[in-house]
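Just so it is clear, A, B, C and D label the chains in written order, and each chain counts residues from 1 on its own.
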Amino acid sequence: MISAVVMTEPDAPLELQTFDRPDLEPGAVLLKTLGSEVCGTDAHLWKGQLAGVPYPIIPGHVSVGQIAALGPVHPTTGVVRDVSGAPLQVGQVVTFLDVYGTCGRCWYCTVGHATTRCPERKVYGVTLSARDGLLGGWSEYIHLKPGVHVIPLPAELDWRAFLAGGCGMPTALHAVTLGEVAFGDTVVVQGAGPVGLCAAVLAQLRGAGQVIVVGGPEIRLAAATRFGADAVIDIGSTTQDERLAAIRAATGGRGADVTIEATGVPAAVPEGMRLTRDAGRYVVVGQYTDAGNAMFNPHLDLNQKHLDIRGCWGSDVGHVYRSVQVMARYGRQFPWTDLITRQYALDEAQTALEDVAAQRVVKALIVP
Amino acid sequence: MISAVVMTEPDAPLELQTFDRPDLEPGAVLLKTLGSEVCGTDAHLWKGQLAGVPYPIIPGHVSVGQIAALGPVHPTTGVVRDVSGAPLQVGQVVTFLDVYGTCGRCWYCTVGHATTRCPERKVYGVTLSARDGLLGGWSEYIHLKPGVHVIPLPAELDWRAFLAGGCGMPTALHAVTLGEVAFGDTVVVQGAGPVGLCAAVLAQLRGAGQVIVVGGPEIRLAAATRFGADAVIDIGSTTQDERLAAIRAATGGRGADVTIEATGVPAAVPEGMRLTRDAGRYVVVGQYTDAGNAMFNPHLDLNQKHLDIRGCWGSDVGHVYRSVQVMARYGRQFPWTDLITRQYALDEAQTALEDVAAQRVVKALIVP
Amino acid sequence: MISAVVMTEPDAPLELQTFDRPDLEPGAVLLKTLGSEVCGTDAHLWKGQLAGVPYPIIPGHVSVGQIAALGPVHPTTGVVRDVSGAPLQVGQVVTFLDVYGTCGRCWYCTVGHATTRCPERKVYGVTLSARDGLLGGWSEYIHLKPGVHVIPLPAELDWRAFLAGGCGMPTALHAVTLGEVAFGDTVVVQGAGPVGLCAAVLAQLRGAGQVIVVGGPEIRLAAATRFGADAVIDIGSTTQDERLAAIRAATGGRGADVTIEATGVPAAVPEGMRLTRDAGRYVVVGQYTDAGNAMFNPHLDLNQKHLDIRGCWGSDVGHVYRSVQVMARYGRQFPWTDLITRQYALDEAQTALEDVAAQRVVKALIVP
Amino acid sequence: MISAVVMTEPDAPLELQTFDRPDLEPGAVLLKTLGSEVCGTDAHLWKGQLAGVPYPIIPGHVSVGQIAALGPVHPTTGVVRDVSGAPLQVGQVVTFLDVYGTCGRCWYCTVGHATTRCPERKVYGVTLSARDGLLGGWSEYIHLKPGVHVIPLPAELDWRAFLAGGCGMPTALHAVTLGEVAFGDTVVVQGAGPVGLCAAVLAQLRGAGQVIVVGGPEIRLAAATRFGADAVIDIGSTTQDERLAAIRAATGGRGADVTIEATGVPAAVPEGMRLTRDAGRYVVVGQYTDAGNAMFNPHLDLNQKHLDIRGCWGSDVGHVYRSVQVMARYGRQFPWTDLITRQYALDEAQTALEDVAAQRVVKALIVP
């Protein structure tokens, strides 16, 4: 029997339930879970802030495991291969794209080239139900359905290091890529959670001239500094005007070349427009749930500023694949595992969730 | 003595004043005005809605004239040349970039490559004072200071045709370029004034699959249809929900691939975000003055939509040069002069201004 | 019994063979062929100039048909839908992307976002064997395997008009898109075959300031002129130096802003580099087979020119979908069917092939 | 009297000559030289391999100096300001863009947005004559004419460190920017001279997954490794096939995502096309002089590969400004001064030139 954490409905206590070992379809993979992250989305799920979630679910979208078993060879697609085309082997340590079922046939997949808007898209640990099996990471085993994109971790990338980035890393990688950071740019990051911290690191790996993190609380700002931020601004002890003045002072009066929003707070968005220089780029990635409206001035904040604003939704295979390569390559420079505040066993998942919701930790892992 | 229309201060009647023929500096050009446009900006100037205007001014930023005289040869830059490098000749029919004085040395000019944000930038007819001479187009002559960028009109482009586009054409050309219209895209244009109409035409010259103009009043929507819009939606007789439903119905439920805002109304901006499909592009070019705030939902309207929003400010030499080429090439297809509702003499400038402010005309010309 | 043209091996006469009506798998579609094009690739296939062709094949990659039958509902993907998500209906007139089997799982599909380089990719009429069924368009019926991307033709787009563009249209659409034509640009097209002619049209639908076609023979240059080219240069009666001088003369001495190569002749490539202005863009789309080497000067032709050169391979769903939209929208302006020189019955396919190989026709259709 | 090194004509011994202290025009600056680099271009100049050089010249294009004097305030442009708009002060340590005289009026400056192709463009130490004054860096003083773009060095960037990059840094920054390196990409650099080494560093500051340098001799490959290259391939001891095999082996058989050519050898260009993966990007920056032709296969090397090739010519203010910011920010990670093999006095310039031409040094400085 396999134990897994189940979120039965919003606001209810998590339960530890047992499941049968699944039969593997041709092309499927069974992972023995090494670890799975706890992310802000899990707190949103628990509070019922996301639409279309098929409770009960097994939370945990970004996970690492060891291949325990491979399904039969698939009649048309053959043996299961990783993203680079190499056949998978039992015993390999791998991660996988939590997004499953992107159809490849709809308008968004084929004409729009915007696969994160495919209506068939499901997410492990978020929009796949525990009634359909081990489709989340807070579990002893994870069932990768045929077609899930599998990415082996290179030998030099410890699985804990990869999970220290968690889903924040591909999310930030997508956002920073959209930000088109040029060499020497000043990058302001709004928010010091996992996405914000990863964005602050990745901005340095785009050759930013300075990286300034605006956020809190103290434990997260300290992490930002440890990971190379040139300056941090505590959102708890400053006004919006003070923050604007500070960013202007650091940029010859102009404002940030690129700003990355990773807060989830609607009011951060008009503030971010103002923190960004004329003709700069502003990427909004943190508004993952509907937390209300915001007010802005289209003339001053957008049109006259000649500002570029880019909403950023979801990740694709490339973002995760590239995150793995980057984390493996720059681990000497950035000690990823320092981001992990604490590991939790399956039966401590409730505590993990509450610690994350209260921002008492930087990154929490579930380790079955 | 040279007659010119002077706007002495906001809300005061326009005056016809006389000026001496200017002495030309080395590198300067004197134009005998053939015509100058009246644009929405002139109405804003008259109402005092722009900051930093050095009244008294001679209005008229986009103009066409015949070269009446050339200043002495400049000691370092030599004879005056057009943008393509050909020496200018007395008698040539030319237009010029109204933007003057972009410095070429500041951060925005050199590092930011965003010359429309250069702080030294002045605009003929807007931010140059009548105290400094014939620096606006509603005048018998225009004094082009050394360094003004001059663009001859090709033989096949009548000067009235060029002014029928007026400053709306390079503005729209900038906006449509930023919109990155792909072949077959649905383009929605918000606003049916000169910028909006030009955008509707230029969208067809990017191979749009359909072009829908949302605006009014009837005279302008009729022009949109005559210039090839596939559909028009009258803003006066529809609700926001009806407009959204109409655009969705025309796009398989998705929304516009590209939306161009050219209204000046703050509430149009959140509406435009919603009219645009997920992962689409939204260009905001019409918020030229501060007309107040707007409310939007950062999660629904921006982040989850994976929306790109691009503020668009000002024009550069390239936009005007390209407008000239496009209008010359596609005049058989688009009868530009049909956009001109009426021509006004210098002493009718007050009427012209009022007709434009009241949207009684599509395009008005001052013809000295 | 179903008749189809079979190319049994290179250089052998085409044969008319009969096939059984296929059993349709879940998700498959049977098309009654309305027409299929004959393109230069078919001549290459016949001469054995493409590698990896599984002779015998039924030629004909871009085709239009009427849906004769739909396979059973697929257990996971449900009813067959078009690219926009609408369920297909028997009797509809549709085209389809000839590319079949792009895997969606390999590195090029998922990380590289370069699906035209997917190693699993097969092409109807080119790399699918007649041994496996009705997988080419020169046939009374075409068997669309599950997953083939189907695009209905709008009512205003006659099927003959669509085939007049044929595979040249999406190919040219891909190339012209890569060329990033700006408003008013001078576009030079090398080659006056179907790809070149379509590129010349599409350049106008990007707002090019002038379009110059360099090619031959006379019948094709006449078509270029009829379809709006501002000038044509006959490759048969000019030297390379003369052509360079002519393009320079038409562009103020600079050269083309964008050049599109669609010739298949290696020597055209260094010539195209020289026809393009400094800092211009050069798209090479016509070198579809290995016709030998070319010599160029890396300093003069590339580095000092600050030239962008873009190889362009294959089409994806978006290119065909967008071609359909553009051809439907701009049919009044461009009388597509004028490109068709002659229609051939199935038993005239050999003549059609020879006419195309000899460039005696602009566009040839097979109409069963 | 001021001493300066003069290259009187190609192949002649350098001379030490004396000059009068220049009178400064309004807007001019006199720099007391701290140091100036010796670069491969100086060897080309000495061998007479560049066209249009107005011998005699004072070599030295990238230099650092201390402001010794400022000219009178300019009547129209006012006090001399740095690129960020701050007034310059006597005593400041600054560098400057060696490109001088870009006109801001021609087609390339205004429409083409390709200022490195402006025909008015001159370069300190290369295309400005010693007859016109102290217009090169191998001199005790340098005369910055009005309009030269001046960039102060931040306190944390030692002037020797900046010169260790020399003109290789902005050149490589331009090339790597054009390469559009994505996170995790494999970047191959052809050439291990200053441009190649800087490109190898900058690729890491774009988050490359691995950086492989192909070049020689040993002293330079050792520098590449010290500056973080993941692998080096010695061009002296390998065949083209072996190099291709090595790159393929390091990239899952695909080839480099981005290749940067910095060799000056024509044959490197077709090799670089082959080292790059399908749909990858290849930037050619090293073909600074005409060293002959190269042969390639347009079908295999370009069209079917769907390859992007980008010629890269010259630097603008932004490239130098950004180089300064990057070198200041990442000096702890990359010990720039280690790139300097030796400093030479003015009267040792001949030796310096010969050492550079023979590739006996990585970077040589002239220190008056």
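Assume a residue touches a chain if its C-beta (ideal position, glycine included) is under 8 Å from a C-beta of that chain, and two chains touch if they have at least 3 such contacts.
What you see is a predicted model; the values in this text were computed from it and never measured.
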Discussion item. Touching both chain C and chain D, which chains are there?
Written reply: A, B
Item to complete: Name whichever of A-B and B-C has more C-beta pairs touching across its two chains.
Response: A-B
Fill in: Chain pair equivalent in interface to C-D, over half of contacts matched, among A-B, B-D or A-D
A-B
Practice prompt. Round to the nearest whole Å and give the separation of the Cα centres of chain B and chain C.
Written response: 39
Worksheet item: What is the distance, in whole Å, between the centres of chain A and chain B, each centre taken as the mean of its C-alpha atoms?
Response: 43
Response to the item:
Two or more other chains are touched by the chain B residues 84-85, 107, 112, 252, 321-322
Worksheet, complete the sentence: Per the touch rule, the chain A residues reaching chain C in their complex are 77, 81, 83-85, 103-107, 110-113, 147, 149, 316-318, 321-322
Worksheet item: Hey, which residues of chain D end up touching chain C in the complex?
Response: 107-108, 112, 114, 116-117, 252, 254, 266, 269, 277-279, 284-300, 302-314
Item to complete: Over in the complex, which chain D residues touch chain A? Could you list them?
Response: 84-86, 173, 176-177, 182-184, 202, 205-210, 230, 252, 321-326, 328-330, 333
